[in-house]
Amino acid sequence: MADLLIKNGFVYDPLNGVNGEKMDIAISKGKIVDKMDGKRKKIIDASGMVVMPGGVDIHSHIAGPKVNAGRLLRPEDHFKDFEAKTDKTRSGVGRSIPSTFTTGYRYARMGYTTVMEPAMPPLMARHVHEELNDTPMIDKAAYPMLGDCWFVLEPLAKGLIEQCAAYVAWTMEATRGYAMKLVNPGGLEAWGFGRNVRNIDDPVPYFNITPREIIQGLCKVNQLLHLPHTIHVHTNNLGKPGNYETCLETMKCVENSGNDGKPVIHVTHCQFSAFKGSDWRTFESGAEEIAKYVNTRSHVTTDMGQVVFTDTTTMTADGPFQYILYQLSHNKWINNDVETETSAGIVPFRYKRSSFVHALQWSIGLELALMIEDPWKIYMTTDHPNAAPFIFYPKIISWLMSRVAREKLLKKVNKRAGHKSLLGTLDREYSFSELAIATRAGQARALGLKEKGHLGVGADADIAIYDVNPEQVDPSKQFRLVRKAFKNAAYTIKGGEIVVKDGEVVKSVGGKTFWVKPELSNPIFEASPRLKKAFEDYYTVQYENYIVPEHHLAVSHPISVKAEV
Amino acid sequence: MPSLKVTLLTGRTLRQGQGKEYGKLSERYWKSVAVCEIDPDDMKKLGITEGNSVKIGTDHGLVVVRAIKSLRGPHAGRVFVPYGPWANVIVNPKTHGTGMPSFKGIQATIEPAPSCEKVLTMPELLERHFKKE
Amino acid sequence: MKVVSNVTCPGCGCLCDDLEIEVENNTVKAVRNACGMGESKFLGYSLHRPQKPLIRKKGELVEASLSEAIRKSAEILANSSYPILYGWSNTSCEATSVGVELAEEIGGIIDNTSTVCHGPSVLSIQDVGFSTCTLGQVRHRADLIIYWASNPWSAHPRHLERYTNFTEGRFRSSAWNKYLDGLGSYRAERRRQRAAKLVGEIHGVSVETPPVEEPSKRLPHSLFEKGRKMIVVDVRRTRTADIADYFLQVEPNKDYEIFQALRILLQDGELEVDSVGGVPAEILEDLADLLAGCEFGVLFFGVGLTMSEGKLRNIEAGISLVRDLNQFTKFVIMPMRGHYNVTGANIVSTWQTGYPFAVDFSHGYPRYNPGETSVVDVLSRDESDAALIVASDPVANFPKGASQNLIKNPLIVVDTGTSATSMFADVVLPSAVSGIEVEGTAYRMDRVPLPLKKVVQPPKAVYSDEQLLKRILREVRRIKKNMGGGDSQWLTC
């Protein structure tokens, strides 16, 4: 591999305090270096272009049983959007749920180099990893869903934090997972019999525990295990008018978990949890209340879950929520409950400008991004594909950077929503630096991925170069140019190799799968025959067969952490 | 010759499932699929007993198989032939735009086979019905 | 002698993973925990198996070297215009993955056995979705278990003991004791009748056997009691029906009507006929109440629905019924997949191409249109000009006309045993048995992924499907490069 020198670009590297300076970036052996020592050197002239770390997506449904069920459900989605095989790329289909090869290529074309699959049912981890293995161009990881596992609910109900921690640590290794995901904690177990939980103090049937206790317990476990990311939470009551209160309570309940002022909880796709009002008629935005809270606290990070007006597919582990969505839309509906652990639901969905509710949802995501002052606390996502497919990121970038772009669309949406929206009062426009935080630096930092999201010496050489000149282009007015630039990267560099040029894949590469290996002083979950017996009683697969062997990952990249238990 | 109009069903049987594990060309296999399970009352109407050969005809073909008294009765008017090359001679290949041929619920006629028409062995059946060009 | 435990059975869609295999001198000596089918597979796989590649020369299949056989296979495929790659359900996901890559490379169709099995179920799901779960949920929660046009006793023998009626769950007990009690009283009753007859004969008195009971016009009350219950719905009384709490006999080709009748009743509608599909209206009314009143119901269905008149519409009706039931209670539906990895074939195909079967690459990108791109149709219309069959026996499964058009063209068979199809092949490549001689991944009928183990070594020079396909793919690419095709762009007609 030749060394690479990116010359003369406008570099945005917020984690290292670089804000648009003209700088050279040197790369050798897949890493960013001070100086190159290799004999062969290739030079990229990045004059007049923006240079950023490769994109990092903290929450995108790209691999696993639910995603694949979505692909199966929607052949009509694929018919319209396909890619033929080339000598460098495999064929595939889009649109809201692309096939795996296409997913990798499309992310790379936008300059993204790291993507996190946020919802891995532990029992089906093998499936998630097989799909991730077949997703080229990006580094990846997956979050096992733990908020409803019997092996979590039972010890937490008795206050046995260490026993729970031992199980979580075992699961991280057994499933090659990266972070702890909670989805409607407690609600999915209730959904096993068709029920749900109504708020964070509503006890889970048969388990003598409340969502609040689950969230607090797992938050403690996360700290004991020193996992690189915080607990990653899809709140209870998602998608329900008035749920902003549940969102606030969720954030409040771990306020005092103490981590030296560092985050302890990540509330994901916050837009779906920022609804005010008591029903769909009185529906309004709760973004202001959420933003107010987040602005005065340091223990929370969030991501947007931004809606785009298009046809897409909703898919979450929130079985009861997805059932409600089916009832609202009368669209086809897949439900899949996973024994002992979690559930999933999939419903195609179209967000329409003319719909009062959808238009307000669109506004809410942007309101959150504009009213939460610190860009390190809110990241750009669409909860792909729930609020929109990830291919719409350039559009959202233009809305963040240009008030005019927002207002143009605001004029075309449902009038009543337009009046209620706060966007008319929000002047803020993201700078390139803030954009770099929202789409890469912030996400990498929240994830604890030390070698991603920045361009300092020692970082992985994952870089995106966009053909837009910050000295000549005013994103506020020329948002279309910005959109175009971010749609097709001038260059995407992955691990020090040029993989995309002018929006075309020029080299297909694999990627690493990150996973966390907590080192316990007392691994009681594995050791105990009683627990192994409980395993056999709870699951329909054998303990030995549940575990995903490390060699099953095409490129395994474990991260060891020392736990406090 | 007495004959009956029946509905033909094809499907799996435990014997066929086990038989195939001993090899598709094994006698155990093809003896398990060159059969037809018939309701005892229907057998009386046809004047046959267990082990006699019967000829089944549909719009798509004719085949001779061995009659077996069904222990799963009563199901007068329905006969059951296990999946396999014998069934394939008489099933309906039309998929009606779904990709799936009609393997069950086919209108058929069943009658005792004349003595000149015996149940073929697997190699004989393949030779009769399939030609490699 | 060693015992390999926690072995996944490469038998049926149950994919039981608790088998224990005794191995001595690289031979399977005994199998524990498996059903009859699984045991037959482990004990019988090494009989009747070809170990040398074969090529047809002058009308006869003769032994050949592996290189020659690979080269011939690659030539056939590289030179074909519209080849079919079919099978896949009896091999590992890893092999299917190479199959997709090969089909893409040569612009062919890759289809798997769903196309003649649960393909219509997949089509229905694509139309209406479905409410389902993994089998453990059934084990822990289900109190009403229905097998509709499915006979697990014959096709999925351990289904009841591992996943449904005869398992212990967190919230439900096994119905095994109840079954034994029932069996006990049935047998006791029969013995009493025989004894009464004998006594009557001794004393020269004719004892009338009790009159045959009129089939009841309503569902038995016992079905509405707490605890697990199992109902079988079928056109004839199968072995599974014998052990059910209730057997509902229905007319063939009438499932669609029965499902829709139940849906009407659930919405408080009334039936304007006396019976539907041979089932009296009163029984349907009771059944609707039973379905809506359970705590967790599951409907397992078999290919009886996919293959009879109406095909995918039958399943759509069933899925819609289950979906409607979710207004009242928790209800799920699940197809009883036959081959041990047909689910895996669908899943791999879907994530790599977007489509579960009948995927056509002839335009350079995946296209899907069952009825057009499904192999039975392509063969019936005589459109293909070559075929690669992996781990399947279409001549034993397809309607005769389709099989005839399959065998008359160049045909490559990769399989672990001799089959009706391999007798007509132009190239036969013997392969190692996935799940016994080769490790890999397979997916259970409820889409749970499980590892396949290597329990014994395959015979010398017998390779896995995955390895053979990779070699064919390499050779195809070499041939095409030499043909000057480069990146062969497809003839868009």
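Letters A, B and C mark the chains in the order given here, with residues in each chain numbered from 1 onward.
Note that in this section a contact is a pair of C-beta atoms (placed from the backbone, for glycine too) under 8 Å apart; a residue touches a chain by one contact, two chains touch by 3 or more.
Quantities reported herein were computed from a predicted structural model and do not represent experimental measurements.
Asks: Using only alpha carbons, which chain's centroid is the nearest to the whole structure's centroid?
Replies: C
Asks: Farthest from chain B in C-alpha centre terms, which chain would that be?
Replies: Most distant chain from chain B: A.
Asks: Measuring from the mean C-alpha position of chain B to the mean C-alpha position of chain C, what distance in angstrom results?
Replies: 21
Asks: Centroid of chain A to centroid of chain C, CA atoms only: how many Å?
Replies: About 36 Å separates the centre of chain A from that of chain C.
Asks: Calculate how many whole Å lie between the centre of chain A and the centre of chain B, each centre taken as the average of the chain's C-alpha atoms.
Replies: That pair's centroid distance is 57 Å.
Asks: For a test of understanding, state which residues of chain B touch chain C in their complex under the given definition.
Replies: Spelled out, the residues of chain B in touch with chain C are 7, 9-14, 17-18, 21-26, 60-61, 70, 72-73, 75, 78, 80, 83-85, 88-89, 91-93, 95-105, 122, 126, 129-133.
Asks: Can you list the chain C residues touching chain B in their complex?
Replies: 12, 36-37, 40-41, 44-45, 47-49, 59, 115-116, 119-120, 123, 151, 153-155, 157, 235-239, 249, 252-253, 303-304, 306-309, 311-312, 338, 357-358, 370-371, 374-377, 380, 393, 395-404, 407-408, 417-420, 423-424
Asks: Per the contact definition, I'd like the list of chain A residues that touch chain C in the complex.
Replies: Interface residues on chain A, with respect to chain C: 63, 65, 67-68, 71-75, 78, 82-87, 90-93, 98-101, 123-124, 126-127, 130-131, 134, 192-194, 206, 323, 326, 332-340, 343, 346-347, 537-542, 544-545, 549.
Asks: Applying the document's contact rule, which stretches of chain C touch chain A when the two form their complex?
Replies: Within the complex, chain C contacts chain A at residues 5-6, 8, 17-18, 93, 97, 101, 104, 122, 125-137, 139-141, 162-163, 168, 170-171, 295-296, 323, 326, 329-330, 332, 346-348, 350-356, 361, 363-366, 368, 441, 443, 447-451, 486-487.
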